[in-house]
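Every chain is named by a letter (A, B and C) in the order it is written, and numbering of its residues begins at 1.
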Amino acid sequence: MKLKLFLFVIIAVFVSACVKAPTDQGDPNDPNRKIKIGFAMDTVKEERWQRDQEAFKKHCEEMKVECEITVADNKAAKQANDVDNLLTKGIDVLVIAPHDATQAVSMVDKAKAQGVPVISYDRLINSDKIDVYVSHQVPVIGRKIAEYALEKVPEGNYVMVYGASTDNNAVIMKKEQLKVLQPAVDSGKIKIVADQFITDWKTEEALNMAENALTQNKDDIQAFVVSNDGMAGGVVSALEKKGLAGKILVTGQDAQKDALQRIAEGKQTMTVYKPIIPLANAAVEAAIKLAKKEPLANAEKFTNDAISKDIMAILLEVQVVDINNLMSTVIKDGYVSYDDVYVNVPEDKRPPKP
Amino acid sequence: MSETAAQKKAFKIETSALRAYTMLGAMVLIWIFFYLQTSGIFLSPRNLSNLMLQTSVTGIIAVGMLMVIISGNIDLSVGSLLALAGGVTAIMMTNYGYGMLPAMLAAVAVSVSIGLIQGGLTAYLNIPAFIVTLGGLLAWRGAIKGISQSETIPVSDPVFKAIGQQYIDPRVGWILAAVAIGAVLFFAFRKVRSEKEYGFGEANLGKELLKSILPIAGIVLFIYVMNSYAGIPIPVLIFLAVAIAGVFVTGNTTFGRYIYAIGGNADAARLSGINNKAVVVKVFAILGALTGIAALIYTARVGSATPDAGTLLELDAIAACVIGGTSLMGGRGTVFGACLGALIMASLDNGMSLLNVRDFMQEIVKGSILVAAVGLDMVGKRS
Amino acid sequence: MALLEMRQITKEFPGVKALDGVTLDLHAGEFHSLVGENGAGKSTLMKVLSGVYPFGTYTGDIVVEDDVKAFQTIRQAEEAGIAIIFQELSLVKELTVAENIFLGREPSKFGVINWGEVYQKSSQLLKDLNLPLNPRTVVGNLGIGQQQLVEIAKALSHKAKILVLDEPTAALTESEVETLFAILKDLKSRGVGMIYISHKLDEVFMMSDRITVLRDGQTVGTESALALDKDKVIALMVGREVGDIFPETTHDFGDTALEVKNLTAYDPDVPDKKLVDDVSFSVAKGEVLGIAGLMGAGRSELLMAIFGAWKGKNSGDIYVEGNKAEFGSPSDAIGYGIGFVTEDRKRFGLILEQTILDNSTLAGLKQISGSFITHRSRERSATKKVMESLRVKANSSMTIAGTLSGGNQQKVVLGKWLLTNPKVLFLDEPTRGIDVGAKQEIYAEINELAKKGLAIVMVSSELPEVLGLSDRVIVLHDGRVTGEFSRIEATPEKIMMAATGETKVVV
C-alpha cells in the first residue's frame, strides 16, 4: 500500500514537472497589462495548421501581445473544454478555428456572455454573434478550383471528391464548385460520374474512392476535382497505380509540401495557395483592435445561408498554383524552398534555381 | 445422462457450423446485391482486385487482433501504432536518406518492441490490456505527431511504393497456384497416411481428394480472376501469406492451442503447465509485427505517411473479428472468420462507394451490419 | 392436506425426456429427501417447481395447499411460499448480510432505501432463526457455511413454507453441518416443509422423514426413511445392487517417489499469514497417501505450493526420486513427472467450451504432439485410448467438455494428467459432486494406477473415501500436520480429532 502511494506521488510529481505551470493571470484592470489573445485551434495535424500556429504566435510576439493557443485534436468536446479554460485564464479576445461550425456556437455564446469578443478563424461558425470572420475567400477557393478544372478540361467525366461533410468549408466549396460546373453539366459537356464527401478528409478513403470510381467508369475519367491536398495525394496514388498520374487533372487546396512536389513532378495539376501568414496577421491585428474596442476598418459585410444576419468579415485573396507558377508564388514567398519542391525532379528538368 | 449430453453436443456443433456458413452466406448475398446494383461491375476482375487490395491492411491486422482477442485481451493501439510505424519508415527514407530495407526493418522493429512492451505490461504487471492499449492509442499517436512534426511525409522510392501499388506477374501467379495446389494435395495425403498409421477407420484417399476439390477450385478461380485483371496485387499476396500463416499457427501449433486455452480458462491453462504470461506477450508481439507490416503496405499504397493514418483502424479490425464469430470474452474465434469479417467490411465500403452512397449512409449501414452479425450469433445460440 | 403436490410432471428437452411423470408430495413440517444419481432429474424437478422453467414448458400439475399453480416466474413461486437454495450460492459478495437478505425488495420510499428498517428487520429475522450472524457483516468475509445460513435467512424472509435445499452441505465443515441441521430441525418444528437434495446418504438418513429416489427422470419410489437403509437406497438409485464401493486391495510400495520437507506457504494477500506451516511428508511409488482436514486447513494450498502454482510466497525443499528439484512453475513440476488433478473442475480443470480432445491433451501437448507443430492424429489416438481406459461416456473425442456430466468431466481431467505420464499424481477432491457409479469407477482407477507404481497424493473432504483408499493418511489443521495414521490405525474418530486440532496424534 505504501509502495503504491509512493509510486503515485513520484508519477504525479513527474507529470506536473513535465507540464508547464500556468502563468499568472494578472489583474484585468491594470492598464499596462498586455492584451491576451486566446486561440482555440481544432488541429495541428495537417502541416497548414502548424503554419497558422507558428505565424499566429510570431505575430503576437511582434505586436507585443500575449497569446495562449490550445489544440482540440479534431474533437468538438475537447474544443469546448479548451474554450472554457481559456476564458478562465482571463483572455481579452477569443479566436476560434472551429472543429464543428454548429457546436462552436455555444462556445461563442459563452465568451460573449463574459464580454469577450470572438473571431471566427478560417472556418465559419454558424453564429451571428461573432465579431468578425477572418478567412480566405472560401467560396472563391471552390470557384477557382472549378474554373481551373473547367478551363483545362472543358469536356469529359468528372469525379468530385469533397471534404468532410461535418466541415462547413467543405459544404461551401461543394456549392461553389457546382455553381461553376452546372452550366457545363446541363449542356452535357461534362458529366459528374461520382461524388462523395470523405470522412475527416482522410487520404486512404479518397484513395479507395478514386480506385472505385476508376473501376466503375473503366478509367474513362478526365478530371478529379479534389477539395484538398491530402486527399489529392490519395487520388494520385490511385492514378499512379494505373499509370494514369499526370494524364488526368487533379486539383487540390492548401499548397502542402507534398502536393507542391507532386505538381513539380506533374502528377497533381494544381493547388490553391492560401498565404497563411497574412491570414494569421490579420486575425491577430483584428483581435488587438477588438480588445481595444477600436473599429475594424478593413472588414466588410458577409452573407452566409447558415447565419440569419449579415456579419463582418475580413476575407483574404487566394492564389492558384500550378506547374507554371510554382517559382513565382510559393517559392518566391519563402513558403517552401526550391530544393524541397523539386526534390523528386531530375536536375536537368528543373527550372533554373533562383 | 450421457444421452442428454450427446443430444446437447450434437446440437451445439450444428449451430456453430451453421454460424460460419451464415456469415459466408451473408457475404454472398451482399455480393449479389452489389453485383445487380452496379450492373456487374462489382464482380468484375478489376473491382475484385481492388476489393482484395482494400481488405488487405485491415485483414492483416485482424489476423493479429484475432489472436489477442482469443487470448482474452484486446489491443486498441494498432491504429496509432500503424501511423507511428509508417511514419518511422517514411521519415527514415525521406528525411534521413536511409535505404528502403533498414527503414522497413526499423518500422517492424518499433512495432514488435511496442507489442512486447504492451504485452509485458498486461501479462506481468496485470494491467488490463484495455487500459494499456488505450494508453498506447494516445501515446503512439502523440509520438508520431511529435516526430513528424505533424507533417505529411511523402515517400518517393518507387521500389517501396511497389509494395503497395504493384501486381505480380500473372505467370508467377500461376506458379504460386501450382505450389498451393501441391500443398493442398500434400496435406491430404499426409492426413490419410497418418490416419492409417494411428488406426482410424478406413484410410480413405478418395474422400480426402474429394474434399480437396473445393480449395483447389478456389485457388484456381482466385488466380484466374486476379490474372484477368493485372495479377495479384502485392498487398493481397502479403495478406494471403499472413492469413495462411495465421490459420496454421492457430490450428496446428502448440502455441495456437495455448492461446485458445488461456482465453477459454486461464486458471486451467496455467495449472496445465502453460506459461500464460509468455504466451500473452508473444501474442501482442505478433500483433505488433503484423501492424508493422500493415503500416508498410499502408504507407506504400498511399504514397506518404500522415500522422492521422489509421485512425479507428483498431475498431475496424475488432469489428472484422467479431463479425467473423470471435468472442470478445476470449477462447473462441477463427482466422478464417476474421478474414471473412474484414472482407465483408471492405465489400460494404467498396460496393457503397461504387454506388456513390453518401458518407453518412455508409456509416449507418456498416454499424447496423456489425450489430446484426453479433445479434444473429446470439439468436442462433439461444434457439 | 399436503403442503405441496407435484403430479405427473413431465419435462422434455429437444430429444430427451428429463422428467417422465414424476410425482412428489410434501407435508408441513416434513423433511423429505430427494436422491438420485447426477442427471436423474432432481435439479430439473426443482427448477420446474421454482418457476425457472415457466408453466407451459412442462406438463403435469403443481399443487400448493390444494391450489393448482402456474408459475411464470421465480417471483411468483416465491410469492406462493417456495424458496430454493441452489448449489451455487446466489449472494452478492460485496454486500452485507442485511443487504443480501433484502436485495430487490428493499423497504423504500420514492426509491430512497430506508436503511434503518433494513438492518432492524434483518437482525430481528436472524434472531428469530437463531442464526449467529451480524447483519452488517460483508458476505464475502463469511465462510461458506455461514453464507449458506444467509441464503436460508433470505429464503425465509419471504415467509417461505416450502424450502428446497440443493446439496447444501457440499462445502461445509462438520461443525457447520451441525449448525445447519440444528436450524433445519428448528424450522421443521415451525411447520416448514423441506425438500432436501443430497449425495450424502448419512445426512439423508439422519434427517429425513421420507425419501424419494429418482432414476432417469422417473420416480423409483417414495418410502419412509425407517423402511430403508443405505444399501437399499443405493440399489434404487443405480438400479442394481452395489457391493463395497471401495475395492479391497493391497498396494506394494516401492522407493520414495516424492519427498517434501518443511514446506511453508503464505497467503498472497496477507504476506505474514501462513496457510501451510512447515509441512513435511513423503510418498512412495505405489502408495496412496490421503490428506485429510477441514476446509481451509491448507490442503489444496499445500498441493498448489508443491506444484509451483502458488501465487504467494513459499519455501521448502522438494525431492523427486531422491533428487532435489525446483518447481518454479507448473510446467517444471510436469517436467519432473508430477500430475495434478485439481479441485473444482469447472474453474481449474477444464476449458468447458472446448472438446474432450483439446482438454485431454492440453497438459501433455508437447509430449504427445511435438514441441511446435501439433499432430492431430496422434492426439486423437492418445485421447481415444485414455477415454476408453477411463470409460468416458461421450459420442466422440470431439464432444464439448461442458456438455458432459460431472463424472465424465472429472474423468477427462484425470485423463489429461494420465497423458502426461506422471510418476506422482495429486488428486484434489477427485469425486466431489459426481454420482455413485462414476465415483466407483474413479476409485477403481486410483487403485489401478497405484498398482502400476504411481505415487498418489489425494486430498478429500469425504472421510469414507480417505479411509477406503489411502494406505496412509496425514491430517492437516491450520496449515500444520496434526496427525499421521496407517491404514490400520486410521478411524474416522481419530482423523476428526486431529482435523479439529483437538490433540496432536503422531503414530
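Keep in mind that, in the parts below, a contact is a pair of C-beta atoms (placed from the backbone, for glycine too) under 8 Å apart; a residue touches a chain by one contact, two chains touch by 3 or more.
Please read all numbers here as calculations on a predicted model, not as lab measurements.
> Could you name the chain whose CA centroid falls nearest to the centroid of all protein CA atoms?
Closest chain centre to the overall C-alpha centroid: B.
> Compute the centre of every chain as the mean of its C-alpha atoms, then state which one is farthest from the centre of subunit A.
Ranked by distance of C-alpha centres from subunit A, the top chain is C.
> For subunit B versus subunit C, what separation do you get between their C-alpha means, in angstrom?
Distance between chain centres: 43 Å.
> Find the geometric centre of each of subunit A and subunit B from their Cα atoms only, then give the gap between the two centres in Å, rounded to an integer.
Those two chain centres are 36 Å apart.
> Could you put a whole-Å number on the gap between the CA centroids of subunit A and subunit C?
Distance between chain centres: 69 Å.
> In their shared complex, at which residues does subunit A touch subunit B?
So the residues of subunit A in touch with subunit B come to 44-47, 49-50, 74, 165, 194-200, 202-204, 207-209, 211-213, 215-216, 230, 233-234, 236-237, 240-241, 256-258, 261-262, 343-344.
> Quick check: in the complex, which residue numbers of subunit B touch subunit C?
By the definition above, subunit B touches subunit C via 1-13, 191, 194-195, 197-200, 252-258, 260-261, 264-265, 267-275, 331-332.
> Which stretch or stretches of subunit C touch subunit B in the complex?
The touching residues are 13-16, 18, 37-39, 307, 309, 329-331, 333-334, 340, 342, 347-354, 358, 362-363, 365-366, 369-378, 380-381, 393-395, 398-400, 403-405, 408, 416, 435.
> If you look only at subunit B, which of its residues touch subunit A in the complex?
It is residues 38, 41, 44, 46-47, 50, 53-54, 145, 149-154, 156, 161, 164-166, 298, 301-304, 306-309, 311, 349-350, 353-354, 356, 358-360, 363 of subunit B that touch subunit A.
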